Amino acid sequence: MSNAENAVVKVKKVKKESELSYWGSVFFRFRKKKMSMFCLILMTLIVLGCIFVPIISPHTITSTNVANMNQPPSMTHILGTDELGRDLFIRFFHGGRISLGIALVVVVIECVIGVILGCIAGFYGKLIDTIIMRICEILMSFPFIMFCITVVGIFGNSIPILIFVLVFLGWAGIARIVRGQILSLRELEYMEACEALGISDIKRIFKHLLPNVLAYVIVFATLGMASVILVETALSFLGLGVAPPTPTWGNMIQPANQFIVLSTRWWIWVPPGVGIFLSVMCFNIVGDGLRDAIDPKMKR
Amino acid sequence: MRTYIIRRLLQIIPVFLGITVILFLIIELSPGDASTNFIDPRMRPEQRAEIARRFGLEEPAFNRYFIWLGNTLRGDLGMSMRYQRPVTEILAPMIPTTLTLALLAFLFSVIIGIPAGIISATRQYSLADNSLTVFSLIGISLPSFFFGLILLRIFAIQMQWFPLFGIRNPLYAPPNALAGAMHMLHHLVLPMIVLGMGGTATFMRYTRSSMLEVIRSDYIRTARAKGLSEKVVIYRHALRNGLIPIITLFGFWIPSLMGGAVITESIFGIPGLGRTAIDAVNFRDFPIIMAVNSMLAFLTLLGALISDLLYAAADPRIKYD
Amino acid sequence: MTKRYNRIIAVAIAVIMSLVLVAACATEYETAAPTPAPTPAPATGNETQGTDGDETVATGPREINQNNILRFGTTSLDGLFNPTVSSNVYDSYVVSLIFEGLVTNNAGGEFIPNIADWELSSDNLTYTFTLHEGITFSDGTPMTASDVAFTYNVFAHPEYTGVRGYVVVDFEGHDEFKDGTADSISGINVIDERTISFTYAEGTASPANIANFGYGIMPEHYYAFDAWDDFAAKFDQPMGSGWFVFQEWRDKEFLLLHTNFDYWKPADIPLIDGVIFLDIPDESLAGAFMTDQVDVANPGASLDNQAAFATIDGIDVRVIEGNSYNFMQFNTLIPQLEDYRVRQALLYALDREAFVTAAYGALGSVGLSPISPVSWAFNPDGMNPYAFDLDKANELMEDAGWVMGGDGVRTKDGNRMAITWLVYPEAAWPGILSGLAADTWPQIGVDLTIEIMDFNTVGDRSLSASSNAERDFEMFTMGWSMAIDPDLTGGIFGLDEMALGDGGFNASGWRNEEYARKMEDAKQSFDQAKRTELYNEISAMYNEQVPTVVVALRSVMWPVADRVGNLDISTYVDWTYHINKVTLDH
Amino acid sequence: MNENLNNDLNNVDDVDIGAMMVPESGMPAVGQKKEDILLDVKGLKTFFHTDNGTVRAVNDVDFYVRKGETLGLVGESGCGKSISSMSITRIVETPPGKYEGGEITFDGKTLLRINENERYLLPEKDMRSIRGNDISFIFQEPMTSLNPVFKISKQISEPMMLHRGMTKKEAHEESIRLLDLVRIPNPERIVDEYPFSLSGGMRQRVMIAMALACEPKLLIADEPTTALDVTVQAQVLELMNDLKSRINASIIFITHDLGVIAEMCDRVVVMYAGKVVESSPIEELFESPQHPYTQGLIASKPDMATTEKRLHVIPGNVPDLTELPGGCPFHPRCYKVTERCKQEYPPTHKITDEHIVSCWEYNGSGISSEGGEEA
């Protein structure tokens, strides 16, 4: 891009943010996007709700009351009740806890595995690199949804299996990103300087390269949260993820398969759907915003 | 070019084998098999053992993998445990349905997503751009099953514009092929929108950012400086370049749509691969599970190759040899 | 947009259209019937573009009117349209419309002649059937006794993979034939063209045996095979002697049958022109009725479905007492559950009334005994309904020696009252039931863990494990359907020789010599009054010991569109039995 | 933050208006016949409205080009010289760009006239018939200025088919002739190549051929040699110099390289931060540069004769155009800066008919170059 105006704009940015620290300037750029900030706040509210509403609510997720089933929203039950008369307001937030919790666990494990293997592949190269990258290639060629359905379907619906299969297929993406970053960073001079100074491999990787890679990992993790939530809820909706009575946003929508629920009891299936939608959107927008803020060149 | 294709096809083999081995292992490790579905109060244990023997379940896993592989390469995907018929025979009628749905969704995505992306890019920050950007954000964030239910609720139950399920009314005999196609299309509109939504949003985002980059490039300025009209500049000069990264997406997209059809098919009651696969998983009909999974894996690998070839076709700078 | 752009869109639309055309053509309506179906007469001039299904296609002596075809909503057809192997109920409906069995039953559950009359020998072992005159298969070939023999030999074929091995297992000479030491089953004897006899092995006589002769008779000339796979290849192309002939099956879409206008008894030719089975997910059935896409179906009797169907105009929802129930089985071999008072306490602490209300509403009732309430052998007198009573439950726990511990969980001899319940998610009711228990059982000092696993795994770990050693469960729940005869052997309440030894469907591990003896007596007795008494005693024993509990019985719901006339359905009479009398308003 | 910034800039605006009141500052010098003037740009303002504030890329610029004349536009990158030239045919991207004021006359036609009372832009359709036809461009980056997915012939043919009504075949043959004209070997083969298979120098020749395709009246060469190797640079310059005599076109030659200017141009306009600071015939500029900035530029030019001395460097950086310093934008870097320079934009002084300068330190006899900060 050689247009003069762009050149000018860039000159200016450097000047403005030059006084800030790295993360300071990231936040500086992030804050300027109103949409990203709004979503960050909304996301925080959802997370806080999922943590605290089940604690402070007078209802519990298991207490049933058959006399009070399928009630529309009211003052006592803000989001109504389900087919066993359980309070849907607290189940909504509890479901969010499970959905967001699974996503968080999956993404964290994915990132740890991905970063470690990506670093090893990128740093040592040669055979190790070939092996790890070939494994990544295999994993990324898996028919994702179908494979999840297969594994969860035949091993039974349990949260650990769900987490396992999502991590199993998911770490390859971040490993490849990290490896790519390491490869390009390795070429930089300061690594050569380290080598000259005789700093050990491990120290080199973790002290010098990781902080550079961290930004990419954070962006991946944020966007990854969004996609894991989508997959988990879809599987749970199909009855192949988290099984009731443990609520998740996915299996809470499942009753809408019933004609009567779909056509007359919106309060049962709409709120969890909106919950999924909002949190996925927030993670997507915050992730995009972070990516642009961390490195404007990283834009797709 | 030909050597490149051959080399890539050869590279697919180990990856494909890797996938099938992992699939096989997972199925091997799983508890239970389809024979446990034959629960009948008056069935005796030896009769159940008989069934297991008939499906070759007592062979060691290692042998069975190679038997499976050999048969698969000969085009024999085995016998379905549930239907007691060849898997190929069961899947054959499902593939056209799912493929039609996937292609319809794909075309829907392309026809809506790419023009929307272009409009967005050429009118950056306009009202149109902002609303399209919001739409695309909704598109990638709205879970497809929820979106499908909303559409069903509004357009099939409330308005009754579209049928609730299925791909046709079997008692309707279309007077000609076109009427038959329209009849089917009518059934497929909602599923197509649901399945195509993610692609529409993705294509739009990619087209937008790619076009934005292209529009700011020097050769577009050159084209403008030649006195070409804006339409020619955008639709001939810019689009041709802007679509290159999108075209490379195409190869990946159809396989992933066929995977995504699982959810759509189960919401809209469409008799396709996805529903068959879910039924097979629930019934532990392993031959069908293996067949569907490896078919989709193969399609994914093939898609990656097609992507590369499309890339070469779209961009004269790329040459494989 | 530029013109060029419009062109792109036009091309794209053209591509879509052609795509759908291809798909539509690929699934064009061909006649795949095995019968030499008359070529359809060209539809003369009346090409309608308007509403669906106004078409009439000429077939055979009567014009097939698409509107005179009964539309039945099914959830899944497996393609096993063969009397020997069909295992799901919808496949069986198809089979019973195409094939005819030697005997059938009436509304009272009594077996009556269908296409053959029979005589039972004085030792109650030999059944001699005489086929009615003039029976022909739908291709015009007459049915003979050798067709009957062929059909029953298939059940015993060494490669037979179906679930009905029991049909012939007690025939004399069955084992020899199966082993290969005999060329045929000595118990099956063709006497002449229309006469055949079946002889049971010594000691296997039972009034329930007659039920084995209800399976459809297959034409030997059509099905005869050398390799089993050749036979299996015809599962989805059935041909029989019944009222309907198979036309086409599209998995997960529909199955079409046309009326057999050449039916051998012209007076009984159905008034409708055919039956179509439409594959409609249970949850969409209400919508299908609402939008007039289906005439008859059997949706689950859940509260949701009841509520949905209650709102639909133009249908009549028939409620029929069902012959199936939900049960709960305890593993009586573990210390927590070995004492029957603990099992009783658990039952007292489970509000089954609430469960019925939540799961089935008015269409369910609390179960009392292993005998179906629709059976002649059922007698509720003296049965304990175990009405919800937490005090009583706690009392029984105390009696059994289980003392409340500090953490609210009872203990005895160092064992904690901790129970794991295997629940499968495929059906809603186990979740509802265990959801209620999760609320009330902790109140009697039970530490309940609900373990969710799929149906098959629950089965593997309990019911279908091949020996008690392989069973890995503390308690589980499942559904069960009853046969017409009240005989309980071999089932979840059965304590036949297998259960007393090892294995069998009674996974509870509970054994009782007296119970087993009574059961065997009841099975073999041909005196109904004596059987009734025996079953009453059996029920009472069971009601007290509760190793297995009938949790709830539920009625069956049959929504029927108003345009359907004369449809006869009751507990023992399927909708297919008298379908020839059904009329359709078209 | 942005608001404050805009206020600052508004103040600058006020000063600008004062400066404009200097009579006839940008008018062609007395004695010039109007018909000699091919292009006349007066008071041109092209701003960019971005999230970070308004960039005054071209801020009240005057210059003109005579028929057959080669005008040099010189200045550091970001001084607005490219935007000025692009504003002539309105190929600045709008938004974020916006033409905020001024008047452009080309060959008797008004291309643009914007003031408080009027906003006239030549209709886009008419403008398009000028672009590539009467006014054509050669851009700085030969590597990226050609469309990578079209063959050379298509790219050269396009303007000819559009403006000269040629058929595809005619245009193809004409393309070969043009490639031959710009001394490309094997033009018949090259014409069917894609740009990526050509070297930078060859691509720039293609650009030149493309620019000449419709025999333009005005050729705007925007740093045509900057991105090329030194040896290739010389070849391309030689080619252009050669073509100059063969085609009957005026040229605006934009560069930051005064050496190239000296070789190619008849007259020079020096720009700084979106303003014309000095304008002069070529000899006069090199003999007696008046503006301290021009002096700096000339001093920083490497010269074979002065290689033994250290290169002169103008201290400081190109200013941020959203945050221009008050007064003369050059004052922070000026070795002759006074208090007044920081307060007000300097007036334009006419030294000779063709030589004007904007500087407070001009006192009628020139600005002395004593006391400079050079090493």
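We just call them A, B, C and D in the order they show up, numbering each chain from 1.
Heads up, the rule we're going with is that a contact is a pair of C-beta atoms (placed from the backbone, for glycine too) under 8 Å apart; a residue touches a chain by one contact, two chains touch by 3 or more.
Please read all numbers here as calculations on a predicted model, not as lab measurements.
Among the other chains, D has the CA centre that is most remote from the centre of subunit A.
Nearest to the global CA centroid, when each chain is reduced to the mean of its CA atoms, is chain B. The interface with the greater number of C-beta contacts, when A-C is set against A-B, is A-B. The mean-CA centres of subunit A and subunit D are about 50 angstrom from one another, to the nearest whole unit. In terms of their C-alpha centroids, the spacing between subunit A and subunit C amounts to 45 Å. Inter-chain spacing, taken between the CA centroids of subunit C and subunit D, is 88 Å. Chain geometry summary: the mean Cα position of subunit A and that of subunit B are 23 Å apart. Across the assembly, subunit B contributes 31-32, 157, 216-218, 221, 282, 284 as residues in contact with two or more other chains. With touch defined as above, residues shared between interfaces to two or more other chains in subunit D number as follows: 93, 140-141, 144.
In subunit A, the residues that reach two or more other chains under the touch definition are 2-3, 153, 156, 257, 259, 263. Across the interface of their complex, subunit B is touched by residues 86, 89, 91, 93, 95, 124, 128-133, 136-137, 139-141, 144-150, 158-159, 162-163, 194, 196, 207, 210 of subunit D.
By the touch criterion stated above, subunit A contacts subunit C in their complex at residues 62-64, 66, 69, 83-85, 153, 156-158, 239, 243-246, 255, 257-261, 263-264. Of all the residues in subunit A, the ones that touch subunit B in their complex are 1-3, 6, 134-135, 137-138, 141-147, 149-151, 153-156, 226, 230, 233-234, 237-238, 240, 253, 256-257, 259, 262-263, 266, 269, 273, 276-277, 280-281, 284-285, 299-300.
Touching subunit B in their complex are the following residues of subunit C: 1-2, 4-5, 9, 12, 15-17, 19-29, 47-49, 52-53, 55, 57, 66, 69, 71, 76, 78-80, 85, 87, 159, 161, 163-166, 169, 232-233, 235-236, 250-254, 256, 276, 278-281, 284, 287-288, 291, 293, 426, 454-457, 459-460, 463-464, 466, 480, 483, 490-492, 494, 498, 503, 505. Listing the residues of subunit C that touch subunit A in their complex gives 281, 283-287, 290, 302-305, 307-308, 311, 354, 357-358, 425-426, 428, 431-432, 434-436, 438-439, 450, 452-454, 457.
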